[in-house]
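In what follows, a structure is listed as structure tokens, so that the remarks can point back to it.
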Amino acid sequence: MSKLLAAKVDRIKDYIKEMGQLAVSAIRDGVESFAKLDQELAARVVAEDAKLDELDAMIESECIRAIAQFQPVATDVRRLSAYLKAITDLRRIGRYGYDTALLTQRMKGLEHFKRLVKIPEMARITIEMTQQAIDALINEKDENTLKSLMDQDDVVDDAMEELFREVLTYAIEDPRRITVAMYYTLVARYLERAEDHAVSIGWHSHYMLTGRRRFR
Amino acid sequence: MGNAEEGVETMKTGNALRKGRSWLRLPKSRREFLDRAAYVSLGFVAVLLTLPFFAIILDVIVKGLPGLTPTLIWESIRNLGREGGIRNAIVGSVELVVIASGVALPISIGAAVYTTEYSRQGRLHQIVEFTADVLAGVPSIVFGAFGYVFFVWLLRAFTGGATLLSGALTLSLMMIPTVLRTSQESLRAVPITLREASLALGATKWSTTWRVTIRACFPAIVTGILLAVARIAGETAPLIWTTGYNSDTPWSIFDAVASLPFTIFTFAMHPDPVVNAKAYAASIVLILIVLSVDVVANWVSRRVGILVRKG
Amino acid sequence: MEAKVEIKALNAWYGDFHVLKNINLQILPYTVTAVMGPSGCGKTTLIRILNRLCDLVPDFHMTGRVLVDRRDIFDPDVDVYQLRREVGFVFQKPNPFPMSIYDNVAYGPRTHGIHGETQFNKIVRRSLQQAALWDEVRHRLAEPAMKLSGGQQQRLCLARALAVEPVLLLMDEPVAFLDPISAQKIEELVMILKKRYTIIMVTHNVQQALRVSDWAAFLYLGELVEFGKTSSIAETPADPRTEAFLTGRFG
């Protein structure tokens, strides 16, 4: 691609990295605030969410301008298309962190009935998947990223199933736990959706590199 | 910017832009002196160049105008020039030019078309160009001598000796190199893309050559022809030994013929001053004829050239 | 659908220079095919073979077969003048004849034996209409063609080619010398013309090729590197050389 377009793409990549970091922080801090019932942290997560909207709009605008200005084709246009779709996924990932923080706020006055194990683990995997997906998108290397993401997707899906059953057991034992139990399932659901979006980013990367929308 | 304003100031007060006779001002530097000197001396040379032209024209007009009477044009020569006019010479010149052209033009233009459109850069091509270039530089007296030996003597059975035919053929030899070369250059100047356009429409080579290529450079070819005509109209040397003498207009090409340049020559050499005066008058006629052909050539080349070149 | 043009195992040389290497190509009727590639890749040579203009070049020779409407155009029985009527050509630099607009358009038909003023009038009108030039020049058909603007001259050349009713229209970088607005007009014309003619267009301009064509052929150093539907090549070219060319890594 031309040097001008390359310069523009580099700028867009920087913004995407920034947006990725924000999304990842939202998940990390949102889950941490939930685990520790840290209201201050939750409040911060809620406040930071607006930045994700801003970045989303800005990156979209930059991509559209690049398309209008350069009329790119082949890899160049696939790349920009991938970015446009990836930022939607990143926006959702960050949103789920925000949603988790909202749940923390709802937990005010409530307490956990067990030590959280699966949720932090799911969060860890989700964060790792997101970072992996963004790396692949920015650095444009395949290296079986998609396969790896799909495997981790399965792990998280399984974890969510297990958590659901476990929490159900606790709730049946003591009906007073039902509210908190439902919050646990919600958080697990958010994390599962978030990592689905990370996989989606992986698919966009794949399309960018190969032009195919199916695997291999 | 400050500099620009200063510059404007300087220009306002400086010498260079004062209106009027800048060349009268003293030069401010050695460079300017040389520049001015060159300008002046070149101008001087240019003026000098035109002096002979004006000198000749004036001389001829002054001495010839009195003799320029209708009789001169209308009547033929009588009494070896002491009486009568030069009608036979005028008509004779026209006949010579027409027949010479009639012979030279098809040959030259045909050869030009062949060498530029049809033949490859081969031997024949080079030979034709080389001989044409050489012939173009041969002095006219040599043509006259050759014409005498070849047409008047060697081919006397065919030409009848010193006749209109011999003279015309000699003149045509002089025309051929000029017309050939100018036609070649004109044809070559036509962009290849025009020929390609014609061929791409399914036209044959000949059709293309005739309807596009020649047509595109037609004014240039015509100009070349007219210039060649103007040249031979005024030639004397080729005609001296090849045309013979005729006090009237010949009715057959196998008769002798009088011509303007030759007549002027003989009148000028004549002991009788009355006849000498007629030479000047005849000169005016010849100059006028040649000049008008040149003017027409110029007009043709410019007028139609605009149509062709525009765009 | 039957191919309009089939090129089979075409190899061509200018003297010792191997300009086209084993080209195999099929052009479908009523489509626009763009032939692209960097300078010197052989694209102009390729289309000049299709109307046998290559015959004019002294040390040109080739092997392989070229079929138009299933007939071998190099067959000794073929009337090359008739072939050139059926295969129209528009050149890179507009080259109208130094004649009137009318005579330019009538030149082709006249060459091929059409006569009669009514006939010519009809043909001239129809051809100029197809080239979207009629309205601009209908009142000045007798004016010299050279007075027209560049864009108009090129449309005139197009009308001239269409006047002999070709089936295949070849265009060699037709807008290379035109301003953007004229260029756009001609591109729009091409989109309309393809309903009646099969068009092959050589172009340097990637954007134009992608805009205008249905099929795209990419030539590099005499080889046909890739040939396919324009839209899919624009999204995902199969060959890295095509990719490099499209993304401007070499011009």
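Letters A, B and C name the chains as they come in the text, with residue numbers starting at 1 for each one.
FYI, contacts are C-beta pairs under 8 Å (C-beta built on N, C-alpha and C of every residue); 3 or more make two chains touch, one makes a residue touch a chain.
On a predicted model such as this, the values are computed, not experimentally measured, just so you know.
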{"item": "Topology of the chain contact graph, where touching chains are joined (line, ring, star, complete, other)", "value": "line"}
{"item": "Most extensive contact between chains (C-beta pair count)", "value": "B-C"}
{"item": "Chain nearest the global centroid, as defined over all protein CA atoms shown", "value": "C"}
{"item": "Most distant chain from chain A, judged by the mean position of its C-alpha atoms", "value": "B"}
{"item": "For chain A paired with chain B, centre-to-centre distance based on mean C-alpha positions, whole Å", "value": "92"}
{"item": "Inter-centroid spacing, chain C versus chain A (mean Cα positions, whole Å)", "value": "53"}
{"item": "Averaged-CA centre spacing for the pair chain C and chain B, given as whole angstrom", "value": "46"}
{"item": "Residues of chain C touching chain A in the complex", "value": "206-207, 210, 233-237, 242-243, 246-249"}
{"item": "Contact set on chain C toward chain B in their complex", "value": "51, 53, 56, 58, 81-85, 88-89, 91, 93, 95-99, 107-108, 111-112, 144-148, 153, 157, 160-161, 164"}
{"item": "Chain C-touching residues of chain B, taken from the complex the two chains share", "value": "120, 191, 193-194, 196-204, 207, 211-212, 215-216, 307-311"}
{"item": "Touching residues on chain A, where the partner in the complex is chain C", "value": "1-2, 71-78, 210-212"}
